[in-house]
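In what follows, structures are represented as structure tokens.
Next come two complexes, and both contain subunit A; in the first it sits with subunit B, in the second with subunit C.
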Partner chain A sequence: MLEIASLRKAKSRLGFLFVAPTMLGIFAFTAGPILFSFALSFFYWDVLSPMKFAGLSHYDYIMRDDVAAMTFRNTIYFAFMVVLLQNIIGFSLAMAVRNVANKYFRYFFRSVFFLPLIMSGATVSVFMAYFFDTNFGIVNYYLELIGVGSVRWLTSTDVVLVTTVLVYAWQHIGFTFILFLGGFASIPEEVIDAADVDGLTGWRKILYVYIPMVSPTIFFSSVIGFIHAVQVFDHPYILTRGGPGDANRTAVMYIYEKAFQDLEFGYGSTLAILLFIIILIVTALQFYVQKKWVFYE
Partner chain B sequence: MANVNLSGLSKKFGGVTVVDKIGIDIEHGEFIVLVGPSGCGKSTTLRMVAGLEDSTEGDIRIGGLVVNYVQPKDRDVAMVFQNYALYPHMNVYKNISISLSMRGVDRAEIDKRVKEVASTLGLQDLLTRLPKQLSGGQRQRVAMGRAIVRQPAVFLFDEPLSNLDAKLRVQMRTEIKKIHQRVATTIIYVTHDQTEAMTLADRIVVMNGGKIEQIGSPQELYDFPISKFVASFIGSPSMNFVACEVVMEERNAFLKISDNFLIRLPEQYSDCVDMLMEQKLELGFRPEHITEPRSYKYGHELEIDIDVLEPLGNDTMVYFTFGGQGCCARVLPSYVSKSRASILLELDLSKIHLIDSDSNLIVKAVQNA
Partner chain C sequence: MNRITVNTAVSYGFLSFVALLILVPLLWVVSTSLRLPVESYSLPPKWLPTDFMWENYWEVLFSYYMEREGIFVGSQASANVPFPHLMMNSFIVCFFVTIGQVLFCSFAGYAFARLAFPGKSALFWFVMATMMIPLQVTIIPIYVLLSNFGMTDSLTGLIIPAIPSAFGTFLMRQYYLRIPSALEEAMIMDGASQWQVFWRVFFPLGTPGMAVLAILAFNYHWNEFFRPLILLSTDTNFTVPLGIVALRDYKMTGSISVVMAGIVISMVPALIIYLIGQKHLVEGILTGGVKG
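After this line comes the complex of A and B, so read on.
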């Protein structure tokens, strides 16, 4: 008995040894910075002078900061729109590609739709800025050609955030597209055949068969998509530097500006903690609601 | 119910012909089984009838109407799949009722029909369960319920019992037979199991390599196969085949088995001796037609050395070598014992078949053609 106990202890010591590097990494690069950031939110600190205890004054100021309110509103709107668009378009593209009979065309479309994902957000934003230019952009060229007229994609406060949504979604649709392709591949062909025979065709097949059966994929892409989208920085920054006004300014941009441009690290940390809490709440809500609509086999 | 007619039906995948110009006429209310080895085209044929595959050539008629370009949902067919194909996210009630909902049937009527079918199939206590909470047999009954509730003109079964264990398979076979007796709807049933085919079918269609080998009642196929393939496929264990030739000895015709064993040529071949002498032949006989001596009217006794004994309870299968080939006989358990190395068997010559080795057709069929 003593031998078994000592063997067990030796095994768990060995286990800790294997897990230790990862744990160190997580603490050093994830948990540690989060805790430091949380602690920093109670201090005034501009790097150049010593830290001064601020108590809850940063949290109090956030409630009165109109720019913070604007940026967080923009961010939530942006994230929800992006998740919706990515899921709808990714789903539709995956359905369309799945039904292409020629396998070489399927391979081609799979690569083409996934390609933007491997580009950097900065690169995509740079050429998209040209595409959406009000005077010289190709998008307005074609809109005028079909009689719609040009749109101030990057210079109108009403439209600029939508433009950023489109640019970001265009780049990231490949992610949901690949997820849904995988999801559809896991649906047994016989179930699709049974649906055809039972009269579940067209939109009914999508509603009653495909969507329920890929609901775990939809849930996963929504959770991951939201968490990523809420942290967007490079697209709005490169497209318009957050303008016009604050119409295209996101939470992470504001955190960056406060911390690294205004050297208000304490307040920047407070904003970051608030963003963290929002992500936590939304994700928790998603997990709670998933019991009602996500089907796991 | 409706009749079903397939004429000149073919299916090609690229350069590969999977179904080759087949023609079948299925009467109202008939239970027809398509049987054959894997890859013979039986499931593809069924899928073409269902509308899940397009045909390359030929017509499919259901109730006299050509349905080649009609969608599966409009053909008035219901299908039961090998892997059940239940909607995993719907409970049993919803799985059974969904097709009626899609057709706009009244809710009260749906409820009535679902409960009727559930009661018939013993599913009344399972209506709120999901498929993952059911056993294989229960899932298959739900799949059948889903088909029955639609009251279609034609039922299509695609190897529905393949995934069940042996005991359950026998039970479900009986259920399917009872359903056919109750609803008397035309059924097209696909299986690779010849026992299922023999027990269920009004008529059997034996397929091989995309073509139809023979169509007939189970007894016809058993007693009068027209080819070596049908003869070997129908019957379990399968028919024994031994090379032979017809020779004349003292003005009598004999079958000479390759190791100088002579059997008097049976009466039914007496009018074609000359033709038979010119052919390369095989002698075919079923294990149940070579038994312990029973004084058959036209019998031939032979002493054999036992290779293997397989006791099955009600019978014992005796494996032996004859004419250089491994053969099998069915005897009473009391006739053999492990201590015996050789036994006397009697072959019922009225039940043998002669096969032309070049065409693989049963000789009587060649003669009649």
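After this line comes the complex of A and C, so read on.
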């Protein structure tokens, strides 16, 4: 009995010792900062002079700040487009790869789709900016060749965000592809056989069998994809520095500019808290809506 | 039978099209990096290398140092970016972050999986909840905290906040949960201490989890741009992605061959990691929904 008690004590001592560094670190660099951000949102502070209490004036100003409205609208639009595009491409690619019998071809395709994911968003944006250049860009060269005419990918306020979506989606094709590959692999053979017996083919088979069967994957990739996409910074920042105008400015870019260029740490924190609240709300909403359409066995 | 062949043909066609969409731009980057600087913008685009101007690579790597020795090579742009130095900075950051994460996440993951202590489940859920908090929301306080300790514009300031990882803790916990407890009981019977049980049995058996974590951590920090952009201000402290963007900004109007050479060099370490650890990378992405 005594031995068990001392064993338990040893276990709990080591337990505390083992979690202590990580707990301290998470407190100092994640949990503490989010509380501090929240507190900062009630103050004026430029780091150099002492803080001044601001009450709710930052929150009041956000409502009237046209640039804030624009950047958050851009961010939501961007995230929505990315999630939609990634789901469609990821689903189609995973579906198509099922028809590839050759092991080596499957491996080849998988490796290629995955390749851009290991690159830096910064690097990808640097060379993509050359691709989408209006005058010297390769994309426009081919568009003109086939008679579509050139598009002002990076200099038109109507197009620039779409360009950013394309660049971002290009880089992250492999992510949703892998998720859907897993989703398809978990569909039981009987279900597919039953659909074949019922004579379901083509689009109807996709609509009535495959989509419902992989709906948990669609849900998962949408939640994760959305959370990642609303944090986008590297791509729009490097492609056009947010321009032309504010057309390519995202929420995180605005936070960065307000805090680290204009030294408005209080207002920057307020914007950051707003972004966090939006992430929480949309995630909660997706969890709520999934009950209506996600099919779990 | 006919429908199946049609399906297969369409599938191959679609897959090949997307594969080309990914590979062709990368091929263009490589061949442009080997092109004569005056031809770097040439249209129609040449997808395959035409010349083999290795000088572009030497320029990225050495012109900064040579100009400081009074020898001028190439253009102004690359002379402003000490590329090998930045590679070293990135390696240092990735090395320490990776080692730190593997070690501390193993400790914490083991404690949450295998040890009993008061408040364990509350602490675990606290750690899980912090995974929801994006870096961008906490970057202002992190910057303030680091500047209080004089650690902004230093690699240390980049490394230390990146070591504690909620995701890594979760990942390692999952691995330690899978290991059967029979081994542990046998060792305790033989009079081994709790530490010995961890160090001699669990820690080595956690290697597959560590590999996944290490590859994700290395790749993430090799590529990260946002934190270094905010924390680092001296160009000799820069990491590689900042260097690429700096190279591009200096080059804005000139030739781009040198920028492409820089990009190719910067991708080599990530590519090597990818070739060695593709399986681990995929597994990590599936567990955490974390992008590289």
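Operating definition for what follows: the second predicted complex is superposed on the first by the 273 of 297 C-alpha atoms of A that agree within 3 Å, B and C clash if a C-alpha of one lies under 4 Å from a C-alpha of the other, contacts with A are read in each partner's own complex, and residues count from 1 in each chain.
Quick note on the criterion: contacts are C-beta pairs under 8 Å (C-beta built on N, C-alpha and C of every residue); 3 or more make two chains touch, one makes a residue touch a chain.
Keep in mind the model is a prediction, meaning the values are calculated, not measured.
Enquirer: Please determine, from the superposition on subunit A, whether subunit B and subunit C clash or fit.
Expert: In the arrangement built by aligning on subunit A, the partners subunit C and subunit B fit side by side.
Enquirer: By the touch definition at the top of the document, which applies to A:P212: first (subunit B), second (subunit C), both, or neither?
Expert: A:P212 sits against subunit B, while subunit C stays out of touch.
Enquirer: What is the value, to the nearest 10 degrees, of the angle subtended at the Cα centroid of subunit A by the Cα centroids of subunit B and subunit C?
Expert: One gets 90 degrees for this angle.
Enquirer: Have a look at where A:F36 lands relative to subunit B and subunit C in the superposition and call it first, second, both or neither.
Expert: second
Enquirer: A:H172 contacts which: subunit B (first), subunit C (second), both, neither?
Expert: So A:H172 only meets subunit C here.
Enquirer: Once chain A of both complexes is superposed, is A:V191 in touch with subunit B (first), subunit C (second), both, or neither?
Expert: first
Enquirer: Going by the contact rule set out at the top, does A:V148 touch subunit B (first), subunit C (second), both, or neither?
Expert: Neither: A:V148 stays clear of subunit B and subunit C.
Enquirer: Determine, under the contact definition given at the top, whether A:I88 touches first (subunit B), second (subunit C), both, or neither.
Expert: The answer is neither, since A:I88 touches no partner chain.
Enquirer: Who does A:T201 touch here: subunit B (first), subunit C (second), both, or neither?
Expert: In the superposition, A:T201 touches subunit B and subunit C alike.
Enquirer: Under the stated touch criterion, name the partner, subunit B or subunit C, that contacts more residues in subunit A.
Expert: Of subunit B and subunit C, more residues of subunit A lie in contact with C.
Enquirer: Based on the superposed arrangement, let me know which partner A:I281 touches: subunit B (first), subunit C (second), both, or neither?
Expert: neither
Enquirer: Please give the nearest C-alpha separation between subunit B and subunit C in the three-chain superposition, to the whole Å.
Expert: 5
Enquirer: Do any residues of subunit A touch both subunit B and subunit C, and if so, which are they?
Expert: 201
Enquirer: Give every residue of subunit B touching subunit A within the complex, in rising order.
Expert: 47, 50-52, 71-73, 77-79, 81-89, 98-99, 102-103, 132, 146
Enquirer: Mind listing the subunit A positions that touch subunit B in their complex?
Expert: Going by the criterion above, the answer is residues 188, 190-191, 193-201, 204, 208-209, 212-213, 215, 295, 297.
Enquirer: Which part of subunit C faces subunit A closely enough to touch in the complex?
Expert: Going by the criterion above, the answer is residues 3, 7-8, 10-12, 14-15, 18-19, 21-23, 25-26, 28-29, 41, 43-45, 104-105, 107-108, 110-112, 115-118, 120, 123, 126-127, 130, 132-145, 147, 161, 163-166, 169, 188, 193-195, 198, 219, 222-226, 229-230, 240-242, 244-245, 248, 256, 259-260, 263, 266-267, 270-271, 273-274, 278, 281-282, 285-286, 289, 291-292.
Enquirer: In their complex, what parts of subunit A are in touch with subunit C?
Expert: 7-8, 10-19, 21-26, 28-34, 36-37, 40, 47, 89, 92-93, 95-101, 108-109, 111-123, 126-131, 136, 138, 141, 170, 172-173, 175, 178-179, 182, 201, 220, 224, 227-228, 231, 233-234, 238, 252, 255-256, 259-260, 265, 268-269, 272-273, 275-276, 279-280, 283
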